[in-house]
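Here's the structure we're looking at; comments come further down.
Letters are used for the chains, namely A, B and C, taken in the order the chains are written, and counting of residues starts over at 1 for each.
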Amino acid sequence: MWTWFYKLASPPAVFRTAGRLAPWFLGAAALAIAYGTVDGLAFAPPDYQQGDAFRIVYVHAPSAWLSLFAYVSMALAGGIALVWRIKVGHAVAAAAAPIGASFTVLALVTGSLWGRPMWGTYWAWDPRLTSELILLFLYAGVMSLRGAFEEAARGDRAAALLAVVGVVNVPIIHYSVQWWNSLHQGATVAKIGKPAMAPSMLWPLLAMLLGFMLFYGGVLCMRLRGEVLSRERQAAWVRELMQARSER
Amino acid sequence: MSRVGAFAALRLVVVRELKLAFRRPDQLLQPLVFFLMVTTLFPLGLNLRLSLLREIGPGVLWVAALLASMLSLDALFRNDAEDGTLEQLALSGHGLTVIVVAKTLAHWLVSGAALVLVSPLVATALAIPVEAFPVMAASLTLGSLALSWLGAIGAGLTVGAKRGNVLLSLIVLPLAMPLLIFGAAAIDRVIGGGDASGPLYLLAALCTFATTLAPFAAAAALRITLE
Amino acid sequence: MNKPVLRIPGAFIAVSWKTLNWWFQLIDFATIVAMETPAELEVEKVHVWRGDRHVLKGVSLTLRAGESLHVAGPNGAGKSTLLRVIAGLLRPEQGSVRWVGRSIRDTPLEFQAALVYASHEPALKGDLTALENLAIGVGLRREVGVPELRAALERTGVAACAELPARVLSAGQRRRVALARVLASSAPLWLLDEPFTNLDAAGVRLVTELIESHAGQGGLTAVVAHHDLKIGGSARRLDLH
């Protein structure tokens, strides 16, 4: 019953499928991001409190969302690879980690840039940004654990388990940091992220979110191809592929 | 032939670990000395601004305890893995989870519980009032136990790695940040005359959560690195 | 008024207890059946990759009660790997290991109780005495008294070292203590990885004798050794390359 699944998860099939999907993802991402950027930066009305400074939300919010989404997808792929011993899952997790970490860095940088006009300082231990920072540490742990073993397969599995443990911890960290921040809140500081947004502001944000997701999918496919190739470098199909390429 | 039950096995391994620990008293004392030393660094670094010290005391105490616990964690499984005894324990017919529970509890007794015992010394030096000592002991007990469980996962994951100790801290410390938040907040509140039960309950919840799940995660980690 | 309310949980407890008991009996029965089935180890088409290296390429073997198997082959042929696969420490990518007809993955703890594995290292704690090392190594498997452990040390010729910490023992003595653990474990299946390392001629003779007498009592032994072995009885040889 599961044979079709294993066939689909076989490295050559994944390599081909990822290669086919990547341009579609990236193309759609370019469209969505282009619309979001133009509408968000040029046409959406300025915020009544923050003026034009709020427009960084169009980069900040999607990257913060993607940082979490990439972590969960990494843990999911790793968990599947761990339980059902599907090696491609490790390749997906390994491909996803640096992308997710990059989104985390982007969210941190844009968040502190946003903080400058809002709080007068780049870093004010805002709970969301603090959680984001801890998430970056989690990424760092997973990525360095993967590379810490002589045997690549062992590093893969250890990193997968750590990612799963991290996913269980992410909500705990999130809520404890919120609780921590609520302790010593003096004058109400404006928090990043708006609960209610005017539709004219919201549409470009949703477009950016969609665009970032598609971009993640596209880059993941491309990185996955690289991962699969380097992991399968001894396999016959990779040699044949390389031979075919060099003859062409 | 009578098989040995899980609790008998647990006791045997705990006794073995304690024996091993007490035959190397220097390794037992080093984290404690480190704990005292780190807390000494703060008054020196703050140029004796004691009012400042009084304010950051709980945080300093907790950070120092966290770092000191990290020191001894690396050896939790590494020694046994290097001399081959971990394989023997893994094949003893009790399952790795029982072994992990026993080793972690024993480790907590000689590291976490020891930290709790010397914490009044450190607290006095950090100008934490005596009235806060019970809450401090409770927060350190719960926190260090939860940390031992998290540390067991980390130690299990890094036992076969090339460079262990820094990696272990890198993995475990982010997971341990909620413990630090609640632990230090509990002491903070009681010093400020408030009610510390909220953060203590949260800490107890985290500790229970870790105690329930971490043994399985740590056993899975060990299984990966034993292969 | 209260009675029916009380009776329902009472009945519930009684029924659950009976069901539980029934399951326990079934498990006991399964164990008895397993014990009465002649001990047999089957390894079927085991494949192991280490990174890019295909270490075990479809190894199969059968070991029955009273048999000994010498696993031979050059360095890197996967002798130790095979032993670790049999012990259940290493999960093969393909193939299976069965003990008394059941996969060792299904009943790992029962299988572990039936086997004793002596790794490449003597697996002793330097800070514990030889006797303490045995007490934990054997004591986790079955309840055992000190006299019996001393007798095992006596048999392997290191009775004099019983109270010494393992770290002061010579490599050969440590190997003999490890052998005493194998002997005292009273497990039917012995997995020995290079048990002759650091042993003198008398020690080599001792190990062969132990394997032979184990086989004589219906035990099974798989022994990894890179040199030639002369084991009496029904000893076979498996060459890996």
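Convention: a residue touches a chain if its C-beta (ideal position, glycine included) is under 8 Å from a C-beta of that chain, and two chains touch if they have at least 3 such contacts.
Given the structure is predicted, the values throughout are model-derived calculations rather than measurements.
> Computing the C-alpha centre of each chain, which chain sits at the greatest distance from chain A?
Following the centroid criterion, the farthest chain would be C.
> Centre of all protein Cα atoms: which chain's centre is nearest to it?
B
> Where are there more C-beta contacts: B-C or A-C?
B-C
> Using mean CA coordinates as chain centres, what's the chain B-chain C distance in Å?
Between these chains, centre-to-centre, one finds 34 Å.
> Taking each chain's centre as the mean of its CA atoms, how far is chain A from chain C in angstrom?
Going by mean C-alpha positions, chain A sits 47 Å from chain C.
> Residues touching two or more other chains, restricted to chain A: which are they?
There are none in chain A.
> Touching at least two other chains at once: which residues of chain B meet that condition?
Touching at least two other chains: 227.
> Quick check: in the complex, which residue numbers of chain A touch chain B?
Result: residues 134, 137-138, 140-141, 144-145, 148-150, 154, 157-158, 161-162, 164-166, 168-169, 172-173, 176-177, 179-180, 183 of chain A touch chain B.
> Contact residues on chain C for chain A in the complex?
On the chain C side, the touching residues are 50-52.
> Please name which positions on chain C make contact with chain B in the complex.
Answer in residue numbers: 87-91, 108-110, 112-113, 115-117, 119-128, 132, 136-137, 139-143, 186.
> Taking the complex as given, what residues does chain B use to touch chain A?
Answer in residue numbers: 153, 157-158, 160-163, 167, 170-171, 173-175, 177-178, 181-182, 185, 202, 206, 209, 213, 217, 220-221, 224-225, 227.
> Help me check something: in the complex, which residues belonging to chain A touch chain C?
151-153, 233-234
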